[in-house]
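Next, two complexes with chain A in common: one pairs it with chain B, the other with chain C.
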Partner chain A sequence: MTTTTMPSALGRLTQRRKLGPAFIVAIVVVIVLAVLPAFAEGYALTSYRDVLLFALFALSLDLFWGKTGILSFGHATFFGLGAYGIAITAIHFEIDPSIVSLVGMLVGVGMAAGVALVVGYFILYGGVRGAYFTIVTLALTLIANHVAVGWPAVTGGDSGLIGVPPISIFGWTLADPISSYYLALTVLAACLFGSMWVMGGRLGLILTAIQDDEIKVRTLGYKTPFLLLMTFAASASMAAVAGGLYAAANGFVAPDMIALLLSTEVIIWVAVGGSGTLIGAVIGTAIVWWLQQKISSINASAWPIAIGSFFILLVLVFPKGPAAFVIDRIRHLRREEGADR
Partner chain B sequence: MSKRNLTRRQTLATIGKGAALAGAATLGMPAIVRAQSGPIKLGFLSGLTGLETILGETQLNCFELAVSQINAASGIAGRQVEFIVEDDQTTTKGAIEKARKLINQDQVDATIGLIASLTHVAARSVTTPAKKLLMYTTYYEGEVCERYFFSTGQIPNQQIDPSVEWLTANEGKTTYIIGSDYVWPRKSADAIRASMEAKGGKVLDAEFFPFGTSDFGPALDRVKSANPDFVWCMCAGNDLITFLKQFNSFGLGKQLFSQGLDDVFSQAEPELTNGAISNQAYFMGIDSEANNAFKKAYGDMFGADKPINAIGEAAYNAVYLYKAAVEKAGTTETEAVIDALGQVSFDAPQGTVGFAANNVARSNSILARANNGAWDVINNYGQVDPVVAGCSL
Partner chain C sequence: MEALIPFALNALTLISILLIVSMGMAIIFGLMNVINLAHGEFITIGAFTLVVVQTLGGNFWLALIAAPMVGYMIGLVLEKALIARIYENPLHAILVTWGLSLILQQVIQLIFGAAPQSVTGPFPGSIDVFGVAYPAYRLFLIAFALATFALTIAVFKKTRFGLDLRASIQSSEMASVMGVNPDKINARAFASGAALAALAGVLLAPLTAVTAFMGINYLARSFFVVLIGGAGSISGVAAGSGLIGSLETALSYEIPTTVAQALVLALAIVILRFRPQGILPA
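Now for the complex of A and B:
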């Protein structure tokens, strides 16, 4: 197992300077998204904007799950902290309107990073990996949801908080559908290319190596818990950015944004696009959203059944996502062909 | 190079013009044509799944009954009525997203429905800024004063105040409130406190629980030690059933009052609701020609054994009041319809209803006690004018 992965990691190192297929796909996707507003009117555009923000959220999960192989079932916690951060800051504190959204974003992202660092420190340095990490982070979402529902004086309880102001940067308010769409797209593109650049470098290789054999990497002198912790915190911060932008764009925050269902959905988005590719998370979110629109319009109750069945298939048949499953099949066939020759 | 740029710019401009033309084509002229001749579009938004499932179906049925009756009788001002049903799942997120969809994508002429108050708060945050008509059909905490918001259910001075008057005179001067944790129970508790104190009574304590609370045992222990004369419950939807089960098995021996109880609850759970007191604008037992015809039509369409409650009847009334207003205004244009809504009335199953100057319907106040699924009237206060402090629209 390890002998086969080492050359592939080295192989990727030499390929690094070439444009990978994922990078080309990412550029095409961003260009398509940039011209999309020419073909969509107000309401559709706000839906697309929400999809972009969910795609950013999915990207944040893929940054951790796809690159380290450790599944976080608690990512809605960070999305929710970002959303509640900006909502609580804007609604409960009297801050100058020109900077309130920036302060709110900082509060939300700060809380998410803080929680990720504290929780991540204990579990990652404590040697918790694999399924146990998933279970601990699952509990994290449940706790966060209980706090959001059970502290109505601050969070608005089950009703949440309505009246979150739109993002405003020093008096320049991004409230209308087009500007909020481009804000979402800009942040998504920046995070996407940023993540691809970082993960295409040394850190990405080390994380891949940790996925294969963490003890070997540690023996080579890398502080693996530290690297995992930093990736986790970066991923959490990105999720919080998505949550904060989502709350500001939609004007409210509610417990659905910090719930187990959202944690599950984001895993599905990433899985559909294929985890570990980064751009796959963005595409997966869009595909699932599109399918949801189509299936729900046929029958509202068909969607939960469809997505539930898909989740079971995902676990049993293609744990690395449908795209990876197909690619693996093709590779497998080619290898067989090669063996025949 | 510059030539190439120019062509590119021209291409973009052409695309832009095309898009603008397409936009104008869908939004401009035909919209006006559609608005005055095609079918009238109503949005029905309510909690069809989630906490309020028990109430949502009846409300939708009553809405559908009104629409089908209107369509069978040549529609509104000769135009047929179409409707789009959306489920808000009794969540803020659902109500906001679906209200946006109804007014932006479906471009409905009015939105009717909603149960839990958190959804009217959420839906209003969309409809009022967009200047679209929203008609709420559930009894609630009142205190809303917005031109684009109308309600056909009771507010505290129509529901809580008459109840407190009777309860303090007949059950005792102290009560203990247990409710779900959101705007309706919390604001209603304030109204109950004020009302109780005005009658020389006292609210000993008020406790609020998140949706889906499964254990009221500790709270009932505290109620027991506080020893109130009667218990006031404002748990919502399915949580009310959970509370009733535990209240009954706890054996507190106290009178229960809940203005959330109606025929839907009493027929679903006749034993649990037995003896409880409620106050509604409508009970199925109202003996009038209009109500008998309403119950028969409802039974023919959905089955004779299906209960009807005040929320459903108010939804039925809302559709007819909207019809009357559109016919009076001669248009579906929101501002004109709103001006007309204040001047129309409807011979509803509960009696003749119409809106007061604060956009709340004048409605009945009937205090009744559950008796094996039905409701025995204790006191009928008749029709009460709604009072919203400082509100005249």
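Now for the complex of A and C:
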């Protein structure tokens, strides 16, 4: 009796994961973002568009960090490869303007996926996990930054490259703020729901199991390094898409798009929203971006100090993320109220 | 043959710098297994100790004595306040020490400004080595680094502190049963690592631009020196520094230095795939 009901129970479990609260929140967020241009225009809208692209970048990190539990300290490498990919293709090669941005995106995403596959192969198949993975990816960002700064003939060195054309799909150019905003939102929504759907299914369950006990999962016959490598490559490609769209939307690339500080910031965006929730990455990016506007206006040093303090607080005060901390506090207060009655 | 001597000396200079920078890392990361991303900032603190000492009218030698003390004190305070809480979880160590690193960088920049500081080393002239003139300070640096390395090994192998530290790393519980206080040992070991990094900072300062962000250049390299040399072995640091230092010097003759650094780090990742335990494991 019990044996026959078990598979259906498991089936219900996976189905409920798909339509969980995170999914509903995601739909609400996307609807709000879709009507946002009615209340903003010009410069404000281009800022919101950049936030959407950063949210896509944060989503890509959450796809790997949140789902596998392995922290990548080098995601700016992939964002930067996407950005430099489209910039270098458009500026150094003479390609038909109607397809140049598509070719550039492909080059950037291809480079990011390639680097992720090669580096991921060496470290994931080498059995490197956890903290060592984090150090190697940290070094990866340093390497990429060294190359971006030290190879001015191609990358423009410290000043970067100016004149990246806006995204154009077979002659249909998305240059004005509204259309580039909706392009960013469409890509973000597609990646968000796509990731939620994939991670709500079998792959998500296996990755969670790997987080708990990789050896056990391998014993069950899953090729765990392969699954981790593919997730890493998918995550890197998504980061590169965000980087490529960002470079095209703003018209330039600079070495700070491939720097350690950006790798650090994206970790905060994900951590603020709560890692592993996917939609949390999007909300976290928006909250931190808003905070950054407030704090950076005080002093140029204030923002890095705020980030540093946040990391320390994250570990010592709210290890499960600020959102979980607040929810825990509210539950705690409610329980106390209930006890008083 | 004539051309080989400056090459060998340049390589030896870089190896010595890496050696002394990585020794602190070998203690904190290799032996204590704490990933300390603020290690570079202890180097910066050492270099800025020299800046302060020279501004106040002191000389290089005074700073060479003061910097390890400053590094030790700051290391001790930070260990008590933060690091002692994160020994269990490497991810927490990464986040906390990275946060610390960002804060220290900005605080140093707020105090001293963004422009590079100028410092002067001793021995301005050059010395004839087998018919080739070579800066005297660099020769001093090589000798000093080797001496510090030998002294550190001696402390580990011959003193009570070294014995207690090695014991509590092998088995913290057993060591505490035998009367070793692990909290005290950890604090002193972390502070010693910080002191060595600060010492490295003073030695480096006359050769590079002293800014609040100078430490980051050495962070990844010292991690890889320790990883490649073999985490947990002090003699592995010599092997790791030798490999990374000579490769980087050789490559810098052909391609830009930054790209050479990048290439060496990439190569280090490949080496780790095939020898994850390092060249000279403990």
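FYI, the second predicted complex is superposed on the first by the 300 of 341 C-alpha atoms of A that agree within 3 Å, B and C clash if a C-alpha of one lies under 4 Å from a C-alpha of the other, contacts with A are read in each partner's own complex, and residues count from 1 in each chain.
What we mean here is this: a residue touches a chain if its C-beta (ideal position, glycine included) is under 8 Å from a C-beta of that chain, and two chains touch if they have at least 3 such contacts.
Only a predicted model underlies this, so the values are computations on that prediction, with no experimental measurement involved.
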| item | value |
| --- | --- |
| A:Gly160 touches, of chain B and chain C: first, second, both or neither? | first |
| Partner chain(s) touched by A:Gly251 [first = chain B, second = chain C, both, neither] | first |
| Broader residue contact with chain A after superposition on the shared chain, chain B or chain C | C |
| Which of chain B and chain C A:Val315 touches, first, second, both or neither | second |
| Which superposed partner A:Ala55 touches (first chain B, second chain C, both, neither) | neither |
| Touched partner set for A:Val149, first chain B, second chain C, both or neither | both |
| Where chain A meets both chain C and chain B, residue numbers | 149-150 |
| Touching residues on chain A, where the partner in the complex is chain B | 38-39, 41-44, 46, 149-150, 152, 157-160, 162-163, 250-252, 254-257, 300 |
| Contacting residues of chain C [partner chain A, same complex] | 35, 37, 82, 85-86, 90-96, 98-103, 105-107, 109-110, 216, 220, 223-224, 227, 256-259, 261-262, 265-266, 268-270, 272-274, 276 |
| Residues of chain A touching chain C in the complex | 71, 73, 119, 122-123, 125-128, 130-132, 134-136, 138-140, 142-144, 146-147, 149-151, 260, 264, 267, 301, 304-305, 307-312, 314-316, 319 |
| Complex contacts: residues of chain B adjacent to chain A | 12, 15-16, 19, 23, 26-27, 87, 91-93, 96, 100-101, 104-105, 118, 121-122, 125, 180-183, 208, 210-211 |
